[in-house]
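What follows is chain A paired twice: with chain B in the first complex and chain C in the second.
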Partner chain A sequence: MAQISKLQPYLFLAPSFAILLVFLIFPLSWNIYIALHDVSLITLLKEWEYVGLENFVTLFDDPNFYTSLKVTLMFVGGSVALQFGMGILMAIVLNQQIRGSGVYRAILIIPWTISAVIAAFSFKFILDDNFGILNFILNQLGVESVGWLSDPNIVIWSLVMANMWYGTPFTLLFLTAGLLSINPSLYEAARIDGASKMRSLFHITLPLLKPFMIINLILITMWSVNLFDIQLIMTGGGPLFSSTTASLYMYRQAFEFGLLSKGAAAGIILILINLTVAVIYVKFLRR
Partner chain B sequence: MKQDRSKNENHKFTRIFKSGDKTNHQRTSSGLGERLILYGLIAIFLFITFSPIVWIFSTSLKQNQEAMSFPPKLIPEDPTLENFIFVLTDPTLVQSLLNSFIVSIGSTLLSVTVSALGGYAFARFEFKGKNMIISIILGLFMIPVVINIVPLYIMLADLGLLNSLFALMLTFQILIIPLNILLLKSYFETIPQDLEESALLDGCSRLGVLRRITIPLSMPGFAIAAVLSFRFAWNEFILAVVLANHPDSTVFQVALYQFISLYRIDWGYLSAGITIAIIPVLVLMLSFQKNMVRGLTLGAIRG
Partner chain C sequence: MVFILSSAFLISVIFTGLVNSLYAQKEQVTLTAIVAEPKERWDVLFDNASKKLNENHPDMDIQIDYRVLPYDATRTQILTSMAGRTPIDLISVDQIWLGEFAEGGFLTDLTQNATSWGREGDWYPVNWEGGKYEDKIYGIWAWTDVRALWYWKDLLRDAGVDPRTLETWNGYLSAAQKLNDALGQQGIQGSHLVGASHSPDMWYPYLWMLGGDILEERSGHPTKGTYWFPAYNSTEGVQSLEFIKRQVDAGIKPQVNHFWGQEFADKKFAMMLEGSWLLGTFPREQWAGLNQSVGMIPMFPVPNEGNKSATMMGGWVLSIPETSENKDLSWELLTLLVDPEILTTMLEKEGYLPTQKPIAEGSYSQSLNATIPYYSDMISMIPVGHSRPNIPEYPQISDNIREAIDGVYFGGKDPGQALQESAVKTAEVLGW
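Here is the complex of A and B:
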């Protein structure tokens, strides 16, 4: 009996861990094995040949891979800057004494309940080169149409725009939780001391919000690195590879070109990118 | 002590939505100019958030020629439901909508059941490695799904489980279980242990206690867990497009994606599809709004 009750918590945990083990932990480690073999959609169900690091070599020989790293940097940099900038502005504005700010907040969070796929469809429609509403409005204002989804130099910023719309509500929500954790008497004291609102924003709000900001930045950076539904749907990574981020590169190698093990190798690089992001931010956090 | 804290937290989170004028604001009266700037900014935020949704909705009500015509009009000239009728009578799309409901409801039930057991273990037992296991779960939470798609695809192909809705439900669990365990654990911790202990003394088994006492008392927590699980499953695309892309087994979002890659994009139909895809989660979120905020903040960690 005593034995059973000692085992009990583990029995309660067993079902969830069985699922996580099979569908999360095992695939994660199997990735390495796949990357060291030659696996394609054709050889999938046959014997796999061991090829050592060859998949990584072809990966680093592929100019498109370097393009994808550059594109990832632009996409992530742009998305994080805009989501964070907009999100913190919204959070601070809605934290002022405003009638109905709770209602506005509830409305502003709607994009987050919608999937990235749906956000991507919507923006694909709005940004369409020929009959999109945005180009129409620009034309009315006397500006020439922009190749939002066809100009290789612009297309990445269109994706950033869609990702901003989709992702900003999270930052709003997260930083609002942070703002509410600040003791209101601090503001009271500052006001009595004659500090202006701007001063209390920079000397009370922002410093106390810093831990929330850092966690928020880690999360939105990692999500932007790994996001691929928006790119896949809006541009499919094109024109050519001009909007293929590293995550989409992995998908295209594996499922568009059928080179599964090259995709797995790219996946490992993606894991390393994620770890780097986490380490950089954690170092930053410690300081 | 612990209970107090989580109660406070709960209160804090409900305040996110409720806070009107009373709570945590900077209590200085503001001038007219400042008000104008604030309301101006809010108007801009609302415009950015709303305009894409409004535009899509308006397009979904337009006749087909009007949807592509110039100049575009915000209010449909001759509103029609023909786009919705098309989507809801197309056999592939209807099948996929049905699949979406099956997979989302199935994954929700599965994950809530399994996570209730796990969350209960963390909330009520002291055992070896407890803290380590909790940090492992937090770590698993952070692993991006996209990294796993190649091995998952090969694994399910080996097992002959590609295009199986059941396999899809199981796979979706990796998105939901870690979150639900943490969520339900924190709910169980707010329930007094005395009730459970007296039931145990009366000879009730642990599972019996969980079923008869703990679960009925934590219904609000289950509501959040269920709504969030449904949202994740309904909105998931990456796993669904890789693991189940045969027309019989696609979920709705994947079917819409295939719809645009197969045919010339028909925006009238597609915007009706988008509207339909948005509705279930939006309705759920709005009806559980009060409970939602706490869960949203936790749930947001998955993205």
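Here is the complex of A and C:
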């Protein structure tokens, strides 16, 4: 009987562990296995030769990979800053006693409910250098057309803009949930004690919202690191690799060039980036 | 009453048995296929081929289950199916994928079947060769497309541009500038320059017309003895890329978004170098009178008058995957799909170009000539048509060439330097 009791917690864990095994541990191990072997379209149906860390060496020898890391940093940095900044601002404003705030909130959530592919196509047309509406408006105002998708120095910010539009509603939704969890009596007490709205914001709202903010930052950072549909559709990574993020680099190596091992190695680097980001954020959360 | 019921029961049992035995005699076979969009062309082809196939095999009930996928998804889906050893009987292969699919062991060697078939002589040599990899036949090139120069007659007339001047490099450049000056205010651009991912495809014709090539065979490869080596950084390559640079300098903007001829049909451009599929962007009912408003010059501009032009040919190859469990029947289906009787109906409806001489020039050409605008002009380009290398490394090579072109377009690079840097990368990709 005592033995059964000892086993019981493990039995309860078994379903979760099985799911983790099938959907996380197995694919991850398989990815590592592929990264350590020579697997390409040509060798896919043949025997896979063990090559150790050769795929990682090839990856780090490729200057385009470093470019993609730099581009990722800009894309993720820009996207997270804007998504988070806009999201928290909108969440706080809409949390005030504004008439119709529920309607505004519902409207603002729409971008997040559509597919990233549709968002990417929409922005591709809006930002088209010659026929896009944005340049048309600029021209009407007497401003020269901007190479939103063709200027290597600008294109990454066009992608950030598209990702901001697409991803901000999640932050708005997530932080609104956080704001609603704060006990209103705290604000009432602060108001009685003579605190201004700003003081309440900095001394009540933001400290209590911190766990939500950290989790939100972890999620939007990871999603931005892994996102590749927007880049693939809007620019295909060009011009001159100026919009090739690490995730798009990984996709192109594996599925366009058929270099599955190199793509898998890039995937592992992406996982490490995600883990590092998560650890940093969690450390902040524990402070 | 009992007798009647017993008799009815007995008759029904006998009848059911008869039907079952008759039905059981017909072998049920389902052939599966993965093919690329658009769907309409496959509907026409498979419908007619399936009827013929069933007629040829009265003892069988043959169904064709074909999945039509977008271009990129087709490649991924084929690869996933092959990796998972899913039995597929027929696939449409872009000519540039053939090498990597064949090298990967995904495709059935059709050399024996094709030899016994004896129809090689009906194909244009360039198209027949396009189905080969390392001297073995892995597919039959079913139809093709060529790129040519299209222009709006009224816009050129308004700008005072004589279409004949578009045939030379200098004439093309000055016409583009003239058109930009005359039509810019109306939001119409003079000329189109491809800046999208397939920009190399629109540069190759200039390289080929000068006598250059993308790759050349060279001995002394570290592992393969004789193998391909980049040749596009030759003098001809530099000269042809310099012409592209001159276009940019003349104010022709590279277009990073591509709408496959729709931008021309929408009159956003006065002239455009585009594939024969551009016709498909016009409604079918306009085809009959299209040559009144749209002009076509069956060539890419040449350096000087009298020079021979070149073009690039694309199109689809039909192949049988190694995983097919009905290889003989699949081969028969494939031969029916490219049978002139069946194929011509589809070409006529969709406006594609044939790879077979009997369709292009023989008796079948009359109906195509009557329905497809500029059909004979497009056919006249096939002899100067080239295809891209179908070796496994081609996708990476194409990406390197695109980088060189982008360097000239957007990075202000010197064409010679851009091609040289690109060729170094390509040599590495090819294992040199």
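FYI, the second predicted complex is superposed on the first by the 262 of 287 C-alpha atoms of A that agree within 3 Å, B and C clash if a C-alpha of one lies under 4 Å from a C-alpha of the other, contacts with A are read in each partner's own complex, and residues count from 1 in each chain.
Everything that follows uses one rule, which is that a contact is a pair of C-beta atoms (placed from the backbone, for glycine too) under 8 Å apart; a residue touches a chain by one contact, two chains touch by 3 or more.
Computed from a predicted structure; not experimentally measured.
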Superposed partners chain B and chain C on chain A - clash or fit: clash
Touching partner for A:239 - first (chain B), second (chain C), both, neither: second
First (chain B), second (chain C), both or neither touched by A:65: neither
Touching partner for A:212 - first (chain B), second (chain C), both, neither: neither
Touched partner set for A:84, first chain B, second chain C, both or neither: neither
First (chain B), second (chain C), both or neither touched by A:257: second
First, second, both or neither for A:249, with chain B first and chain C second: neither
Partner chain(s) touched by A:131 [first = chain B, second = chain C, both, neither]: both
Touched partner set for A:42, first chain B, second chain C, both or neither: second
Which superposed partner A:150 touches (first chain B, second chain C, both, neither): second
Residue contacts with chain A in the superposition, chain B compared against chain C: B
Residue range of chain B overlapping chain C upon superposition on chain A, of 153-161, 171-179 or 207-215: 153-161
Chain A positions touched by chain B in one structure and by chain C in the second: 44-45, 125, 131, 255
Complex contacts: residues of chain C adjacent to chain A: 75-76, 79, 82-83, 100-101, 103-106, 189, 195-197, 253-257, 263, 268, 392, 395-396, 399, 402-403, 406-407, 409-411
Residue ranges of chain B in contact with chain A within the complex: 12-13, 15-21, 23-28, 30, 34, 38-39, 41-42, 45-46, 48-50, 52-53, 55-56, 59, 68, 70-72, 114-115, 117-118, 120-121, 125, 127, 130, 133, 140, 142-155, 157-158, 170-171, 173-174, 177-178, 181, 206, 231, 234-238, 241-242, 253, 256-257, 260, 267, 270-271, 274, 277-278, 281-282, 285, 289, 293, 296-297, 300-301, 303
Touching residues on chain A, where the partner in the complex is chain B: 6, 8-10, 12-13, 15-17, 19-20, 22-28, 30-31, 34, 39, 44-45, 86, 89-90, 93-102, 104-119, 121-123, 125-126, 131, 133, 136, 165, 170, 173-174, 176-177, 179-182, 184, 187-188, 191, 197, 200, 219, 222-223, 225-226, 228-229, 232-233, 247, 250-251, 254-255, 260, 263-264, 267, 270-271, 274, 278
Chain C partner contacts - residues on chain A that touch it in the complex: 41-46, 124-125, 128-131, 149-152, 235-236, 238-241, 252, 255-258
